[in-house]
């Protein structure tokens, strides 16, 4: 009997060898954020202050929320190409109706969330690729935004503006907001018991189905959550800008995807991390700031942003390098 | 006969042709038949560019989940500038300019592949980051100036044979070539195999990395050619000349019956989808609807097509 | 429990068709309390379909299902769970992105609220401890990070966990396919204990020894029908094989003639495992079948993959003389192309030779596939049908055809007989031997002793190293097991 | 008790106030940033080039300490808002801005002006009251298109090419055109397409509607799209109507060819990219203590007609736009013109 014990312990050791790599990988998003912050501190020390952090990060909040929305969708192996235009549309609705006619505004926003849930249901029931459905929705939201707000304008309701300009004691509001968002989502999706089912439905849908859970429900719930966070993103954006524009959130689609990936998420297999996604979104926000402080020639500012993305992801690849080449496709 | 019809209808690309026919009919009903031929002719001419980018995107997407070339628009923009600058408005330098655009495109393809392979970055992010860098190169190279094509080249891109644009004929031939490449060559088979299961493909002796490399190269090269042709057709290069072809190429690939989960591609459908989207735009512009409505209708049509066609059976 | 519930399951006249294929043609199956039923039959005989219906994941076209004496009208997965019917499927049903504890929770909707994670972790750990002592699995590990053997242990243990509803019946579909004999023994011993405690079990396995030794009653299926059902004691190995309708009966087939003296033919492969430090190396000559033995997951597959890679790129420690082909054991993830026809699946490895000019000729491709269909007896009406229309065993044959039809003189086999029925196995053994006689070299990783009997030479692996080098005449089950465990015994 | 320091501080404060009030503040040590949201077309490149020429000289002459240019990576509003916030953090004294949205940047602009930073917007202006605007009367520009057209075209069908949907400039020009058509009922707009101020987009949009259009006598547009319109007509084999031009070199070149060929007549106008330099001088002047400069400065758009366009064409670089760089004196004059109003 002892002999067998020895053998299996040995095997257990072999299996655990890659754990440090996993830990390193998990802290990589935080590490890259720290690096970017260090860069900012180096180029402009006074940016690291209550006032400075407020200024640098408050526009990160809508990005964080949009990234979380994208993360929900990616968790169930789908991709939302429409989130940016959805955020724009929400912004237009908020700036036009939420102040003048709050009831109508709220009804429309709830309707939008319902539409997101419906999108999830259609994708599951008709078994169609989400990329295409959301590509279609991209045009729909864009069109609706232009119809709602043919020229830029509108005004954010005062309460929204007040919330987004909250002066929290000691710690700047954007950081408080980011921590709260990360904590809430982490608890909801990583710690709750139904969260495990939701993530599992991305990892192995058949297994979840065979255990008697409804896959339709998991998909609808995830898209519903994406809709809710998309709405929150739009509202927070308008709270900051005070006024809307039909194209205001367009860039969030690619930003949110990059944020999820930067935060350690993967496109398939339900492997995501809410904390990582929040950090990823903040890193992207601050990367722009860092470039600005570095006074890169205007020609190359766009390119430098691409380079930052590449460097961070290359670092992750280096950590994963130990994995055998093609075999990692599995 | 009946079974033939059924087999035809079971082909995913048939729907895109039907859709194209439908929107065309709607447009000419609106104009009481006025301009019917002109619409087809204009549609063919404009569809050429989305079909070329569609072919590029199709090969990439067929490589399997996560593979997509987001750098196409930036690639097209840079190539258009490179081509026009090298041609310098002189007919004698057309070939050189086309070659330069091709080299620029291939270079971008190589860059994309190196990011994906060497740094193991997911293709969607790699090509996105690359596109940022390409944009910067484009800005510093072209300074946003519109350079005019040589008259001969401009003429070539718009000349028509009996109402059919020469470019469209050439592109049909080109797409036939790509259909053969996809279904009847080792390279094409390799792409399809990798798209289904890269590990199984590797174990079946397929040169996985070489195939992926060539695919991104191909996509880059097609983007480069498309950039040069666009600059000729629209009488001038510009950095954002390719902007609309990102969404268009993806939409084309999917409406045309290629599987976004990889391993299954359809060249024929690209033309149907290309004509469908251009004629849809023609129809809406003819109706004179506002931009907002046009977007909404385009979106609903894309969703409608894909939902009606339904998904392939879950794997 | 009322007295009617002596029978836990009563299936009567179950029918199921998939398209044109009649998978089940009116099957009756009864399982009573305290009994373990062995279900055997060829691949494609309908065992898995029947079990899917019993587990609620497939709906029967016709027939009645009655659980615990109560007829079930709307039978579903959820209903099956409520009634205490659990199933360990052939493909693993765990979520790789969840931890062991979270995967346990997936099966138990009642585990919720504060502390659910601890509760689920305790549940699965206790079961793992009970079934597989010293399993070495942490309930916080991500399942995807664990080797396949451990995953199967978790899956099995999970099926036996109990929260609200008691477990009445556990269906084990090839539960030991990824376990080594030691773990398999532990599992089967646990099954016996569960039976004694009043549970019931359906065991599907291609290892007839397991079936004969551990079940009370054996049901044999063939072509979607039950062809025999009797006490296990009434069966012998030979009778089982005959009843299943295997083409070649018996376990003979061991090639006794033509044993070539080592060294008389040129060396084809020379390879050293990465972790080998004592100079031991694997050598395979032309025309040899070389076995890679040992416990599951001890570096055999890694060495095969290293050799496979060496064919494309120079690799330290490996020398090969000829092209290489590999036959995967895990069909779904390493082998088949699910969107392609059978012919395309067979032809892909030889595609270079199926061209006219520079273009692939569909005609040549079909003819190539046809010749192999006849040679290896793939059962299909049309080679243009999708590969998934084949049963598992026939899919595996297609993979054999892919490799054997290629120009490769060295064929690597990564436990390719996993889940393949005995009839197919015997056919394939014969094929391998004849190919070897024709000069091909085979490297064959297998966890089954029976398959090692076909080898000319066997290397035993332990912890990523070769620890024993057995000639055919030295080969015995005891020696292999002894070498597999030797180090642990000394330590 | 301890009065001396207080008095000293008070004195210092008084002197500094007096300095600002009487003599002009010295802008030698001040830094001006330029926040730009796009650089990818000929107009923007001309704008940046003009700005570069003028500010380099200003820095060399010691008028300001720095004049840095910042271009965002995309055309998005949030990116530019973040950029403005970063500029605040870097302690610039003034920000010259070509904004991606007139309203949606107001939050960030307000933060800047609250921090005491002078913000001067031009072309893409911002509506935040505390900022300055160098405004071109886009509405009048639109109206003039029809008015000019009426001078030599009797009337008939017009095709309108719109700019980027959802922007204020598009809206202003469009309403000006509508007003012009109201005053000249002999014209009728039969269709409108979106050209996004881009030749390619315009050409494509027109190509799709052209087969269904009746005879068109004129095209009213927003600049940057005229050449594309001409190409679309040529490709469809239809005679080009009178196309209002937008000061781009290729447009004027084409006009010149046509004029030589058949006496083609039209009118061309656009906002000069060199307005960026005017905005720079306005910022410098405000920093210099001229707080009385009105927050809305109207500047004329640059227009050419049949007689003078060829002279202008000769000065525009290939692929560029007609521009005008302001000197400090011209800028002062432009400001003075507004004070008279």
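Odds and ends about this structure:
In order of appearance the chains are A, B, C and D, and numbering begins at 1 in each one.
Just so it is clear, a contact is a pair of C-beta atoms (placed from the backbone, for glycine too) under 8 Å apart; a residue touches a chain by one contact, two chains touch by 3 or more.
Bear in mind the structure is a predicted one, so any value in this text is a computation, not a measurement.
Core chain by CA centroid proximity to the global CA centroid: A. Across the structure, the highest number of inter-chain C-beta contacts is found for A-B.
Between the CA-based centres of chain A and chain B the separation comes to 29 Å, rounded to the whole angstrom. Here the spacing of chain A and chain C, counted between their Cα centres, is 41 Å.
Chain C and chain D, compared by their mean Cα positions, are separated by 72 Å. Separating the CA-averaged centres of chain B and chain C is a span of 45 Å. Listed for chain D are residues 39, 73, 165-166, each touching two or more other chains. Within chain C, the positions touching two or more other chains are listed as 333.
Counting only residues that touch two or more partner chains, chain B has 132, 135, 139, 199, 259, 291-292.
Working note: touching chain pairs come out as A-B, A-C, A-D, B-C, B-D. For chain C in complex with chain A, the touching residues are 55-57, 76-78, 80-81, 87, 89, 91-98, 102-103, 105-107, 109, 111-113, 116-117, 134-137, 141-142, 144-147, 150, 182, 295, 297, 305, 333, 463, 485, 487-489, 491. Those residues of chain B that touch chain D in the shared complex are 27, 30-31, 34-39, 41-43, 45-46, 77, 132, 135, 138-139, 143-148, 158, 230, 234-236, 238-241, 244, 278, 281-282, 285-286, 288, 291-292. Across the interface of their complex, chain C is touched by residues 3-12, 14-15, 18, 22, 191, 193-194, 196-197, 199-200, 202-204, 206-213, 269-271, 324, 327, 330 of chain A.
Looking at the complex, you find that chain C touches chain B at residues 308, 312, 325-326, 328, 333-340, 344, 348-349, 351-352, 355, 358-360, 402, 406. Of all the residues in chain A, the ones that touch chain B in their complex are 122, 126-129, 131-133, 135-147, 150, 254, 257-258, 261, 266-268, 299-307, 309-310, 313-314, 316-317, 320-321, 326-330.
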